[in-house]
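Provided herewith is a single structure, encoded as structure tokens, for subsequent inquiry.
A, B, C, D and E are the chain letters, set down in written order, and residue numbers restart from 1 in every chain.
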Amino acid sequence: MQFFFEVLIGGLLSGVMYSLVALGFVLIFKASGVFNFAQGAMVYFAALSVVGCMEKGAPLWLALILAFGIMTLLGIATEKFVLRKMVNQPPIALFMATIGLSFFIDGFAPLLWGNEVRPLDIGLVDEPIPWILDSYNIVVSKFDLVAAGLALALVALLALFFQYTRVGRALRAVADDHQAALSIGIPLQHIWALVWAVAGFVALVAGMLWGSRNGVQFALTFTALKALPVLILGGFTSVPGAIVGGLIIGASEKLAEIYIPPVLAGWFGGNFGGIEGWFPYVMALLFLLVRPEGLFGEKHIDRV
Amino acid sequence: MIKQFKQLAIASSVAAACLGAAIPAAQAAEEQFFMLPSYRVGPYGANGQSFYGGFIDYLSYVNQKGGIDGVQITWEECETEYNNAKGVECYERMKSKAQKAPGPIHTMSTGISYALVDKAAADKLPLAMMGYGLTSAVDGSVFPWAFPLVTTYQMQASAIIKFLKDKNAGSLAGKKIVYLYHDSAYGKEPILALEAESRLNKFDLVQIPVAHPGNEQGAQWQRIRQEKPDYVIMWGWGVMNMTAIKTAQKMGFPRDRMIGSWWAGSEEDTVPAGDAAKGYMSATWNVAGKDVPLIADIEKTVYGAGKGNLKDTSKLGTILYNRGVSAAVLSVEAIRAAQAKHGKGKAMNGEQVRWGLENLNITEARLKQIGATGLLPDVKTSCDNHEGSGKVKLQQWDGAKWVVLTDWIEGNKQLIHPLFQADAAKFAKEKGITPRNCAAEAKK
Amino acid sequence: MIYRETGQFKTSYAADQQIFPIRQDRVGIGILLAVAFLVVPAVAGNYWFNAILIPFLIFSLAALGLNILTGYAGQLSLGSAAFMAVGAYAAYNFQVRVEGMPVLLSFVLAGLTAAGVGILFGLPSLRIKGFYLAVATLAAQFFIVWCLTKFPYLSNNSSSGVISVPGVEILGFKFDTPASRYLLVLSIVVALALLAKNMVRSSTGRAWMAVRDMDVAAEVIGIRLMRTKLLAFAVSSFYCGVAGALYAFCYLGSVEPDGFSLDLSFKILFMIIVGGVGSIMGSFLGAAFILLLPIFLDISLPALAGLLGLPFDGATVSHIQLMVFGALIMFFLIVEPHGLARLWQIGKEKLRLWPFPH
Amino acid sequence: MARQIGDVILDLRNISLSFGGVKALTDISFDVREHEIRAIIGPNGAGKSSMLNVINGVYHPQQGEIIFQGAHRKDMNTHEAAAAGFARTFQNIALFKGMSVLDNLMTGRNLKMRCNFLQHALWWGAAKREELAHRRKVEEVIDFLEIEHIRKTPVGRLPYGLQKRVELGRALAAEPSMLLLDEPMAGMNVEEKQDMCRFILDVNDQFGTTIVLIEHDMGVVMDISDRVVVLDYGKKIGDGVPDEVKNNPEVIAAYLGTQH
Amino acid sequence: MSAYLSVNNIEVIYDHVILVLKGVSLEVPQGKIVALLGANGAGKTTTLKAISNLLRAERGEVTKGDIQFRDARIDQLTPNDLVKGGVIQVMEGRHCFAHLTIEENLLTGAYTRAISRAELKRSLDKVYEFFPRLKQRRASQAGYTSGGEQQMCAIGRALMAGPEMILLDEPSMGLAPQIVEEIFEIVRDLNQREKVSFLLAEQNTMVALRYADFGYILENGRVVMEGDAADLRNNEDVKEFYLGLSSQGRKSFREVKHYRRRKRWLA
């Protein structure tokens, strides 16, 4: 039982790391109806920018600010050269464009900073917290706890922003209906640039944590794949959904990875580990069959 | 549709023109052409940078020293992004240029080498897979054109077991070893060998796969924590390695009881892991460091002349750089061997290079001659043994550099090589290939 | 050639419902086929066959499959590569395990197997739409690849999970030269493309498009959503499956499950987006573009850099290549979201009106 | 007049429908006689479209019964409704935007086609013959609605009024016995409305098709319908011949207003 | 009469090929309601979108002519600038933000104005004063409100921007007669009390001419007739083709003939 809890806690905490990436997706989707596949690439770019600036001699805090600046520029450029020209196109086209964008960033980031694998030290050691280990024999990582705290703070902040500010409202309006928003004078350009900058900020936080955990390298772009089932589960438009979805996905995939392969091996013989690659997706899929709009997703309002 | 086709035709003719422009006109002098389907971007791009940097630097070095008995080496890179289809395209694109006088082809990708095995044989181009690739090609009777040189995953796994056995006073009986592997062809190859070893040495083997790309190993390491193994042998690649090391730290598993394969034992894996990597061990078939005379000489000669391939010279002397050099040394030695038989100072054709690869005999003395003492093990190949060595060293990360722990260790050939032969025989049957008769050829 | 249809009157509905009602198109396609079947084999070299033409045709087929599902039936899928994998492994198993199995039959069976798997993964489409469905198809992508990795039976107990396919032989004729393999692939692809075209212009295709454009209205007209969507999944997967079998047998020769990755699925999706969603011809144009572009960049960029004297090393070129590729995808979506096929159509319309615009 | 209004062919009794607790229809009874033109009127959100959706099975009422072809049933389903000859148009045009006018109309014939997808793929014999036969039928509808010139145009490119006409065409292509029209004249000017009325009357006249329509233009409703039902907030507040309804004080208060 | 908003001979092309407006000119004097009438596809919506600059988002462009508002060209502005400058469009089909509440919808309308919280509140109250119904439904998601309420929400939302001129596209579409009257009454009210000028595109000629001061009739992308609303109402062609009246009074829809008299303006 104690092992079960250890897996569960570990899963919940790694789920929070997925949520961080998912959050970026949600932001952009909510504000512009764009399913931004490039979020993973942005995480990579952000982390690489931090490391790159530090290599040039900047201290961590300055590097973070500079990297945020770079992500903002990226957001503005994306808006100016891509999104602005694609107003009113079907969501699938915008989605494809972001895949194109992710390719672009995948090439651009290492071109700018080099593609060596590099460490990112943010002064947090990923080690078990001794007293928990001693008294309960459960591994809980300091690093994960800090990450979880950061993620929750970020979510709270963003939820408030969306619900209660003028810009937050405009963001939601744009997500609902580009053209109507345009017609009442909401400048899509600014809104989009802004939301991309915010998404860039979230990517920066995610990149910092993931980068410090796994090293800053190309594989950071794969974090996007971990975030997708979180999104489906939580709903594309819900900030809290990203967190809850992350927790559920994280916990269940870890539990599944531990407890399902032995069962399968019992049936078929062989080694069935590695199911966490698809398990979240299949779970999300089954969940969707029951609730097609996700846990917290907005119901599609339509009248016949 | 006609119009579209015309555009396509124009585009392709432009491409063809560019292609033409890219190749310098063939010179009268004898040249040996190396095609390098390499990768410098994508998930494993960082590794490719070092490996191909070393490889190309050695070729430049040879050229600066007058070539292979006067035969200059030319080469061309083509980015594969570690993608099989792109690898095939690269191969097909450069094939015609390589037809006359090819160097052994190094893909540094198991997947691409699989895809090229048949094609290269049909085109009579020798394929070298140093420490990766289709391992059953050790049996040269079925795979005359493919060379898993130096060592294979299976032999390496066996050598690691031998190392652990020595460490434990000659017996692993009753011990528990976790095999943590990248869930792909690469990670699966050694399983049969490890299972054989576990039967032989009576240790418990627990296999835990990690789904690609391996940037999340919480569950796997929790399982390891629960299993409480004595050792963890890890077959990782790219981000999986560093994640494994960091997660081991997080779960409190001692790194000095983790042993990686040679693809999990480079600076690219340990440096980013920081302190967590201290004490981590790995196998390798070449040593790191600039104190090898050859590496020092390359730095002096090639970089001195400003012809170095590395942008980031701090990578000089890293594991993967030195591996690239080692791979190039073997390739060049094969051509030398071929020249020795078929005519010095001449460019060798595919058949001749193949012969060279199959009749390598790089002794300690020869290694010393080229300044590569201790860089790589001695290699002696034959028709029925395309591996030629099967030896690795164990090294340990001390927080700043790799420290070599052992001398060359050879895996259990009697146990492992029959596995290759069985696999090769099955392959031959599926494909309807009649194996060569190595014994008869040896007599000739 | 002047593109005018003036003077070409249709006197029967049959004439009006030909695939290419305009004479110039018919002549054009005839010439194209003649070139593909007769001229190309005579002039193209091995590089063209092995690295460009064969993969081009195979990817066109896969794109065609995806286009049926996504372009015609409106079900976005990110799992095409997995269905190709099913086809490849199924064809391999039928070949290796059944003595004397004709290759073509095993291709068909591979397609049918893929169709079966496609139906299974198409079931969620009855409840889920749009992006949710797209992400759900990722489940298929990952799950299928995992299964192929995990059940050694499927790769005939190969220790690495990699399968290496036997050579192709039909009625005693060995397809061992690139040109012969090209012709085999070409014939299969042309035949399947024709069948696809027929399907989409008949009531099957209309039902697909109806479901795509407005599913409630389609239902009210009496189109059964479930049957229509599942049929689209089945046919689409069949095409992808056959493409997968050809990919293994006529192109790479050996494949591993990881080769049929998400990247490949994306690539196929790019093909239909660039080529034209909901267009048979677009599948071909898109495949050509997506396949040729990186090769073209690969070849031309270093040459260009050399010309300009820029100090590009291999990595730089590769990075720039990725950027250009990404940028071009975006460019295309901005300039012509309906793809090359639409550009072609606009071109035709302008030609038709030429020299009087509007 | 050629047509003869017949017996009740569709009878909805005590229908109640709600969505997640929100009542859309409350205890509504409503019948339709053969060959008649039956209008449903009422303010926005009164539940008119819901009513049509119940009739052809898009919505399933929680309570009530539907008597159709002599059978008592809880609800309809779309496929049965279509098979029984119900065709319909929508308030916010539900055409297949990516298809040509011709193809849109051809989908209307879908239920009557027998060939399967394999026959279609081969385009051989039966499939081709069937396609041509149905094309002929559809051309009749095209003729009737005078839309020959836009036959091959993608409907997305057509102006609104023509789209409405094409949608009617799609419904007519199915040779329906009952036609459900949801605001067929919305957004039209008088000229276009006159045209639309003519089409509706002709269909009713020539083919004896029963028509249920929702419409806001009182002129149209009063002129062409045989009986009118008035809904307000999901409840029925009036039912009868046009004159009756027009003078019903409850209807005037809730809907018509004093202007008319 | 000084031209307040003037459209001068504009031509609009969609997608580089489809010519929709073929030289349309019109004027809206300050403080007036001008109706733009015509059949479907005549180009009414396109004209409005050309003015509000929403055209570009739909791959359409003004290729000839110019548009002026208070003697300054506005055809190259962004919609944002234009709203700030006092011209706002209420689009056909309402386009409320379905997932936002009515009140949130209205608040977004004030996005372009840098105003204090108190002033915002005042604007909101004013809108609620014009549309008491919206006040009742303030907390409902707009997607769940009725068509009439959505139309009110859309107009109210535009009002929040503090416009001088509203381009109103098909306000009556799909609405019950009573609601149509209600909405037009509010339009008139706004015009008189708030001095907002209107350019409204409308199918419902009868209602439109009753409330408008001036009217233009568009056919096939051209203005075919213009004049005071009263004059138009009495024009024989308008009567027959747009109002459905003949000299004998209203014609029954049942009696419509299959052929008609030729319109006089189509020479």
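Operating definition for what follows: a contact is a pair of C-beta atoms (placed from the backbone, for glycine too) under 8 Å apart; a residue touches a chain by one contact, two chains touch by 3 or more.
Bear in mind the structure is a predicted one, so any value in this text is a computation, not a measurement.
Common neighbours of chain A and chain D (chains touching each): C, E. Between chain A and chain B, the least number of touch steps comes to 1.
Greatest Cα centroid separation from chain E: this falls to B. Most remote from chain A, judged by the distance between CA-atom centroids, is D. Centre-to-centre separation between chain D and chain E, using Cα means, comes to 30 Å. Work out the mean CA point of chain C and of chain E, and you get 47 Å between them. In this assembly, the C-alpha centroid of chain B lies 35 Å from the C-alpha centroid of chain C.
Centroids built from CA atoms put chain D at 72 Å from chain B.
Shown for chain E are the residues that touch two or more other chains, namely 144. Shared interface positions of chain C, i.e. residues touching 2 or more other chains, are given as 146, 149, 216, 315, 318-319, 321-322. Shared contact sites, meaning residues of chain A that touch two or more other chains, fall at 106-107, 110, 115, 271, 274-275, 277, 304.
The residues of chain D lying in touch with chain E in their complex are 22, 42-45, 91-92, 157-162, 183, 186-195, 197-198, 201, 216-220, 223-224, 255-257, 259-260. Contact residues of chain D toward chain C in the complex are 56, 58, 78-79, 81-83, 87-88, 90, 94-99, 103, 106-111, 113, 115-117, 120-123, 127-128, 131-132, 134-136, 139, 170, 174. Residues 1, 25, 28-29, 31-32, 35, 45-47, 50-52, 55, 96, 146, 149, 156, 159-162, 164, 166-167, 251-256, 258-259, 263-264, 281, 285, 288, 292, 294-296, 298-300, 302-304, 306-307, 313-315, 317-319, 321-322, 340, 344, 347 of chain C are the ones that touch chain B when the two sit in their complex. Across the complex, chain E is touched by residues 346, 349-350, 357-358 of chain C. Against chain D, the residues of chain C that register as touching in their complex are 13-14, 17, 195-196, 198-199, 202-207, 209-210, 212-214, 216-224, 231, 235, 278.
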